[in-house]
Amino acid sequence: MFDFLLRKAGYWFAKKQETYRSKEPDKDDTISKNLTEVLNTIRNETIGSKDVVIREIYVGGDVGADAAIVYIDGLVSSKIINDDVIKPLMFDTRLDAGYAKKDNVITYIEKSLIAVNEIEEVGKLSEALNGALSGDVALFLDGIGRAVVINSKGWEKRSITEPSSEAVIRGPRESFIENMRTNTALIRRKIKNSSLVFEQMVIGRKTKTNVSIAYINGLAKPELIAEVKKRIKGISTDSILESGYIEQFIEDAPGSIFATIGYTEKPDVAAAKILEGRVAIIVDGTPFVLTAPFVFLESFQAAEDYYFRPYFATMTRIIRIIGYAITVLAPAFYVAVTTYHQELIPTSLLITFASAREGVPFPAFVESLIMIITFEILREAGIRLPRPVGQALSIVGALVIGESAVSAGLIGAPMVIVVAITAVSGFLVPNQNDSAVIMRIILLILAATFGGFGITMGLLAILVHMSALESFGYPFLSPTVPFDLEDSKDAVVRAPLWLMISRPKGMSEDKQRKKYKVPPTEANNNDSGEASS
Amino acid sequence: MKSKVTSKQLMYAAATFIIATSLVTKPLYTFMKNDAWFAVVAGFLVNVLLYLVYAGIARKFPGESLIDINDAVYGRFFGKIVSALYVFFFFTLACFDTNVISSFIKALVLPNTPMALILFVFVFVCIYAARRGPVNLMKFSALFVYASTAVIIINSLLLLKDTDLKNFQPAFEMPLQNYIFGTYSVAMLPLCDPFALFMFAPDMRHPKEFGKAMFKGLTLGAVVLLFIVLRDITILGRVSALETYPTFSSIQQIDVGDVITRMDIIYISILLAMMFYKVSALFYASVNSIQRLMKFDSYRFLTLSFGALLMIYSLAVFGSAAEHSEWLVGGGAEYFQTFFMVLLPLLTLIVAECRGFRSAKVPAVKNES
Amino acid sequence: MKRLWRYVLNTAVLLACLSCLTGCFDRRELDTLGIVMGVAIDKGKDEGDTELTVQMANPSGGKSESKGKASKEDGGGSSGSSSAYINVSNAGKNMNFVVREMQNKMSRRIYVAHSEVLVMSEELARAGVRDCLDFFARAAEARMTPFVFISKGNAKDILEIEPEFEQLPSMELAKMLRDQKVTSHAPMTTEFDFVTNLMSKTTSAVAPIVSVINDGGIERLIVSGCAVFKQSKMVGEMDETDTRGLLFVQGKVKNGVFLADIQGETATIEIRDGQCKVTPILYTDGTAEFNVREEVTVGLGDQSGTYNLADPEHTQDLLNASQAVIKSEIQQAVDKSKELEADVFGFGEYIYRKYPEQWNQMKDKWDELYKNIKVNVTVVAKGDGSGRTVKPIAPDEAIQ
């Protein structure tokens, strides 16, 4: 239903947008043969930004052989420009003033002169400028209406550190960084396979962000790849600053509270998902990589589950699922039970609760609401505060505040415990924090108005909603809702690795994840050892 | 690729239908007292024959919904009449079940809330589920069956110490007509409700397996029903006739180590979930039937109005719980069900046979909803 | 624009429906409930009246040290010394009426779902209990889990005895009954069992008896023996030994002690386990005979004297003595029930199960036929150890 309303709103806004969108005047995109003209055009385009550097040189040192390089200071590595672009052009060439009339000048420059790893010839001014804005250096030659874009990227980037949001006890501690190329390299290091494909596109009218799609050819379904590409290409917006933008544009159910596209900050997680046949979307400028399709159960799977042994992994996973249930249901359950269904509480506990509630002015529902909102405020504040202060305002701080509130008579003691458990359990499944918070409040309101009946009907409605959700054609609640016993080996329990023989059904072309090693006998002696696929 | 209902899901759906009604098994005990288990077994056998009829119809018209079958078998005019009768039947069944669960909630859980509100919340979610489509509805049938069976087994285990095998005796010493009527009652009431699943046949992946899926579902449901009945008899003995909700009373007695007490909430939740499923499916069946009957393009716009009708009808259908009990126990419920779920399908099968429809390759009338 | 109107109208209707949610009917805040822990029913002063006393937990009182001292000692107001429970009484004709009208006296809503005990006075029991119990069986809120007691004297007084361990007298009483399994001198009857038996035509219901004794200056409750009902009227009582005999036949004795005279010395024998099987035999002339076979496991609790009962050679003495004692207890129970003409054992039901056709003719006359039934009691005892020591505390020469 929210989908419906949102779509209606969207159409309405889109209609208005058509009239308001600024018409960008058509520009002349050719590179003029006159160098001065070109440079003037560039200066106008960049409106005199001080970081756009235009360096004019004489090719071969010969006066009259004009050329200029354009680059953006800060994006480039000066060493490359000095040593590998300017120096060869000035000193190492036999070109002279009349070079523009020679044949194949650009080819000569590209292939014999500039010793840089990536070089491209372009014919349009916009392409040259894009190159410059991306950190390359654009070389303009007088008399030749084409430019050469030379790779010289060398900006400051963060070093590869531990992931900030997905800490692990066991497993690699690398995390993606903001640089797309480094990220793709990190994935390459995990999957040394020539079938691993990185397709690239540029999205965002003004930001022109590079977006890379990674998949393994032969594992990922062609329909999936095509659908992902189609949706991304369909994005028509000015800015793509983070993968979240892309996620919100291409997801299946924008009106639902559940995310149908996953994200991760760790290369090993991304690699594992690619190996299952999923598609990873890497966006330049953010360390968070999207993965599609995404099922609800993935939020309960952590990377470490696979590095630990099955019993412990299974137990931890079950605890996570229980934690999610607690975080969503605890306040609602408390309110429902103490307000409507007192017969469900063991008698001695009931008397304790009752004595705790004596003298508290607010009804249980208001109490819960106040505590939940307070906790969300504290949590958000804890993230934004500077490091040293943030530690103090941790969960312990929140509990202390709760204690004081109890002493002041504002809330009852059981409420503090309930909210504390809710809050702590919420951190077990950080991926689903957004949906958990909203569900918590909805179920709380339902519980306050209809008691246990309300909670049950609310859960049923959520179940119906979730089972209808699909992520790129893949059911959101598999393997539970179209029930599949084989896929459940990785759902609530984590089956031992030697049992995880197949990939999730329907997700990839190649079902067999692993072939059993056949022990060597006389008959098989001439087999070279079977490698896992 | 639009996903379709698999036959396994259909089987679980059939079982869910049966289990839903089984959880409120008052009428059984009135006639059969502690021989109710016999009624279940006998009723199951009777239903096997009945399901052969359903399977026969399904085989002749694979992948067709009931409305289209009626049109084909009876001709355009009579077919519409029969279809209209079915619409009435499905809708009324949905109302009965809504009434059952709402009265239950009102009596035991929320006594002061006006019935209209309880109905509103319940029907609202059912409408939502029906709107989401039949495929969606079938998806979580398996989940419900597993959940409810697990709950029933756990409850029974917890009640083990209160069971008394002596409660089975004396056996077989009531007059014969009691047995016949009891069997008839069981055969009609819980066990042949899955008939409504015919309306989901067009969305199946392998429509030919409809009959087999129904059989398996019937067996599964009957086994669970038998289990419930056995447990109730051993615990309640002859008091079961006193209670309005015998299963509920037996669960109230659970008291293990003073810690695991008051488990009724789980029972209520499961009952709610099962009834919700059944009502949603029946509601979808009736609305879809209307859509096909009137040759509309989609059934979605009908859901809201018919949902409101469902609410009002449920409020009005019985004057009080006492009337409802009377209806269930020999007041007419069995005959009502018999007419629609035995006589009409039997008639359809016979006429189809006579008119020469073999296991046909009749192209299914496409009605994408 | 027409579509817009439709949406507006739809939303308006929906919002109108939501407005009835402002009531949140059925909502009961915890601090508006008077949680009833125990109920006492007496015969009222006026003719035909019953007096109902409910004992409610007072959550704000008796929290820390105080064990529920009566609030009349202090002037009230200081929180640590107010009572942990409050008893309120009301009288009237029908139970539901009385309960509801009691609300006039209280600031909290009566909430009976957590009730643990239901005490009825002997006076009321002899007049008939069915009318009182109807409310408790019918109300949705009232579960059938509380224990039923019959009190000697006023039921109200039972709920006023200072509890020693628990916060409330009701809880103390309930726990006392739960602990009866250690001695097996009183039946653990819940309302459910009681009502079930009341519904039977021939079986008599029983309920434990609770009375107040003066135990060296302190008033204490004691639970032992049971009251026997016929058709919802109390007709007599059975003392401790009779009750245990009854429990033996029901197979509910799992623990208990008794004294046995062996070789001139008294020994305490512990019952460790017990099972019972009753087989009815119906003769063609209508007389009924019941074979009661009780299998007990006994162990030596303590002994006096030097006759070593733990010695395997003397075990047979032990077992013989046990069998004799238990048999006599059961026989005593049977005799008492015959005297009261009340079929507490449910023998009628046994006949019904095995000979249903004949039972149909017999059941109306069961009261008379009951007097003439023959009960053959066989007790089979098994030995189960003698504790930590293998001989009495005496020098070896003195032991026999």
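Annotations
By written order: A, B and C. Residues from 1 in each chain.
Quick note on the criterion: a contact is a pair of C-beta atoms (placed from the backbone, for glycine too) under 8 Å apart; a residue touches a chain by one contact, two chains touch by 3 or more.
The chain lineup, named per UniProt: A = Spore germination protein KA; B = Spore germination protein KB; C = Spore germination protein KC.
No experiment lies behind these values; they were computed from the predicted model shown.
On a Cα centroid basis, the chain most remote from chain C in this structure is A.
Remark: among chain pairs A-C and B-C, A-C carries the greater number of C-beta contacts. Remark: the per-chain Cα centre closest to the mean position of all protein Cα atoms belongs to B. Spacing of chain A relative to chain B, judged by their CA centroids, is 46 angstrom. Annotation: 65 Å between the Cα-based centres of chain A and chain C. Centre to centre, using the average C-alpha position, chain B and chain C are separated by 42 Å. Looking at chain C, one finds that residues 21, 26, 143 touch two or more other chains. For chain A, the set of residues that touch two or more other chains comprises 340, 343, 451.
Residue positions of chain B with contacts to 2 or more other chains are 110, 113, 117. By the touch criterion stated above, chain B contacts chain C in their complex at residues 107-108, 110-114, 116-117, 120, 166, 169-170, 173, 237-239, 242, 249, 252-253, 255. By the touch criterion stated above, chain C contacts chain A in their complex at residues 7, 21, 24, 26-31, 33, 35, 37, 57, 59-60, 63, 111, 113-114, 116, 141, 143, 167, 171.
Considering their complex, residues 8, 338-340, 342-343, 347, 350-355, 357-360, 363-364, 448-449, 451 of chain A touch chain C. Note for the complex: chain B touches chain A at residues 1, 3, 6, 8-9, 105, 109-110, 113, 117-118, 121-122, 124-125, 128-129, 132-133, 136-137, 139-140, 142-143, 258-259, 261-262, 264-265, 268-269, 272-273, 276. Chain contact summary for the complex, chain C toward chain B: residues 17, 20-21, 25-26, 137, 140, 143-145, 192, 195-196, 199, 352-354, 356-357.
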